[in-house]
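Here subunit A shows up in two complexes: once beside subunit B, once beside subunit C.
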Partner chain A sequence: MTSHFFNLAVFWRVRLLLLQGAVGTAKLAFVALAIALSIGIVVFAAQLGPWRPLRWAAEWFIDLMRAFPVLVFLVLTYYLFLPLLQVRIDPFAAAAVAFGLKHGAYFAEIYRSAWLAVERGQIQAAASLGLRSWRIAQLVVIPQAALVILPPLFNQIAFLVRDMPFAFVIGYFELLTSARAAEVLVRNSTPLVAAILIYILALLLLQWLGGRIEEFSRRRLEA
Partner chain B sequence: MLRPVLSLANICKSFGGQPILRGISFDVPSGQVLAVIGPSGGGKSTLLRCINLLEAPDEGIVKLDGETLTRDSAARLAELRSRIGMVFQLFNLFPHLTARQNVSLALKYALKLKGDEADARAEQTLARVGLAHKIDAYPRHLSGGQQQRVAIARALVMRPRLMLFDEPTSALDAEMVAEVLQVMRDVVAEGMTMVVVSHEMRFVRSAADRILFIAEGEVVEDRPAREFLDDPVEERSRRFVAAIE
Partner chain C sequence: MFVTLQLATLTFFLAIVPGLLIALARRLGPRWLALPLGAMVNLVRCVPTLLTVVFIYLALPFAGITLSAFASVLLGTTFMQVVFFSEAFRGALASVGKGQFDAAYACGLRTTTVLRRVILPQAALVAAPAFASSLVLLVQNTSIASAVAVNDMIGTALNIQTNYGDPAPLVAAGIGYLVLIVPLVRLTRRWERRMAMAL
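Take a look at the complex of A and B:
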């Protein structure tokens, strides 16, 4: 019975295919993360800025991204939004953009909550000393916000990684796609089980790392 | 007549349609210690924060040495703010920096002093407030009184033209009030121009030259300190003085 879904010989046969898929997942995760972190900064800056239409646009963007289920947003991006905008890109770029936008909204909220966690008195004290706003950000706000931001930031990164298998639906070759292909090839469910195990292992590793980071920042805050 | 260090003309401020300051005007000449007193909620702290534009007045003009403070130019506002020291009720020290770093920060990044010069000046100033032995301590390892003295040093180190104190002792335990008031008396003795919001009537009596009694956003009385305390004219100030002394 186990030979149909947990067969080491089968796993060994498809190992390179699965590796290729895992590399595809990792590549997408990194690029999507870079885009999401950057979009988060832009949206956060827009929210903070003095220009009201930009503030509204940022809030509207965040609400919209939160409302979309990630799978729906991914499919719509690839099959509707990008074609409507006359943009022709491959599934990899489309997935990176879709995940980047979706998670960028969450990162913007994380930046904002960290910014709000720094007491207003800190900013007032720095301003009253004659420091300019970018100096206040650099010298007073960011060093204090950094410790508060690490745990939720890491948490969100884990969520992003967890979303990667969805890229399968637009035909991007990632771990799940490779497992499905291998499954057909060997007529055995082992590749799928292997892919799931790899995902679980990766997420457990991320969770463990996140726990360490949380502990570190808590200790720094209490010291 | 000499030009005043600080000049406020018709300062008005409302929060959500509720007027907090209703047209406050006064000048502070060089070296004067002005105490702002009055019932809580009367607008004293807001007034103080309007002076360095932490709170932007809806109307009115604030001048430091004849120069108008506006938000039109961030660079100019920052430069003028660097000449106005402010001490807060809750100290507002930077928790991630040591006492020395707290005091030298604006020397380095607002006045653009070199690192060692700024550090030397910070150490000197910390010594002046009696904290030479605490220069490398983080705020969380200092008592409330020590934290407030670091905060005073942080303002003082800029060699300001004017210092603002916003209830500097009201968040302190009783036994720490004296050390902070002593440092403030030393600053008074050096001839600093000061605007102090305080409920410490002994300090006000002994150190203030002049009292501004504010209630409901208006100046009720503006008189020499002794004269006011011994003989408040208005009914509201009479009741206030009777209640706190």
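Take a look at the complex of A and C:
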């Protein structure tokens, strides 16, 4: 039983393959995160702006992204949207764009809730002192919003990492792809168990870090 | 479409009662039950749903348990959904003050009565947005079926795309998911707004 699910010798044989997959996952996670954070800012800015159609479009963008299953959106991006736009790209770029768009919508919502958490009166007070809107953002909103934003931001990063295995559906070489390849190679489930353990470890780490950050920001907010 | 709906409905009914029980056990149960349950929920939440399904489908046969693709998906999504539901319910239960329990007990009500008449009506209100968004997740997760060769909505469309190069079914599948899920998302949005106003 253990020899099929937790076989150290087998694990040692496939270690490089798994490592390659883990590196692929990490690379994708970082690029997707960077795209998602930026798209979140763009969508959030559109929601703040005075132009009504743009606000409406941002709200629908967020709802559509929330509605699409990750797997479906990934497949549609790779096989449909990008070919329609006459862009020919590899699975890595397609996955990064798809995860970036999908999670960007969630990040926009997180930015917005932090913005709403800053008291309106403070912004009005700063405006009546004659501060420009950029200075208001810099001096009043961002220092306070940053504390509110950290815990949900971290939570969302964990969700993003948890979505990574879906990239195997469009043939990107990440941890799950490598684990399945290794499983076929050695006719043993250890690689798959190892992949699951690696994900659990990474996400527990993120969860722990998130907990610490939440504690930190709660202390700072109370002070 | 039919397989997708079937999976979603089955998962919903199989997962909701254990999810509620776990949440209740973590709130009301003795420590030796609540602590390990909490640790387990935290651990399971860390596993990507896709990996759970793939593990059940590809690794369990080595242990002599061979399930059909459909059963693997159902088992995997149900297992994860129990945890997601239990988290939604736990958050809602936590929002009902401890004094409510004490007061109800002091009135001489039995635990089941306390739950039914005092706690759950209040918790249900708070649980609504989280519950709706875990429903969204449930329907979305059925798409995992395509990854292990069940012909659900997206799986069928993908097959046609790769075999015939015809993207029309993909478009249809995309629209199909939107038709299923967009109403849920709009509902979540409205409930979230209402909660924000009530607080």
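Everything below uses one rule, namely that the second predicted complex is superposed on the first by the 223 of 223 C-alpha atoms of A that agree within 3 Å, B and C clash if a C-alpha of one lies under 4 Å from a C-alpha of the other, contacts with A are read in each partner's own complex, and residues count from 1 in each chain.
In this text, a residue touches a chain if its C-beta (ideal position, glycine included) is under 8 Å from a C-beta of that chain, and two chains touch if they have at least 3 such contacts.
The structure presented is a predicted model; accordingly, all values stated were derived computationally and were not measured.
When both complexes are superposed on subunit A, subunit B and subunit C sit side by side without a clash. In the superposition on chain A, no contact is made by A:Arg212 with either subunit B or subunit C.
In the superposed model, A:Val169 lies in contact with subunit C only, and not with subunit B. Applying the stated contact rule after C-alpha superposition, one finds that A:Ser128 touches subunit B and leaves subunit C untouched.
Within the superposed three-chain model, A:Leu71 lies in touch with subunit C and out of touch with subunit B [touch as defined at top].
In the superposition on chain A, A:Leu192 contacts subunit C only, with no contact to subunit B. Taking Cα centres throughout, subunit A sits at the apex of an angle toward subunit B and subunit C that amounts to 100 degrees, reported as a multiple of 10. Here subunit B and subunit C are compared by how many residues of subunit A each touches, and C touches more. Of the two partner chains placed by superposition, only subunit B is touched by A:Leu139; subunit C is not.
For the pair subunit B and subunit C, the least inter-chain C-alpha distance in the overlaid model is 19 Å. The residues of subunit C lying in touch with subunit A in their complex are 42-43, 45-48, 50-51, 54-55, 58-59, 62-63, 136, 139-144, 146-147, 154, 158, 161, 167, 170-171, 173-174, 177-178, 181-182, 184-186, 188-189. Touching subunit A in their complex are the following residues of subunit B: 49, 52, 54, 74-75, 78-86, 88, 90, 92-96, 105-106, 109-111, 151, 154-155, 158. For subunit A in complex with subunit C, the touching residues are 1, 4-5, 63-64, 66-72, 75-76, 79-80, 83, 162-166, 168-169, 176, 180, 183, 188-189, 192-193, 195-196, 199-200, 203-204, 207.
Those residues of subunit A that touch subunit B in the shared complex are 119, 121-122, 124-133, 135, 139-140, 143-144.
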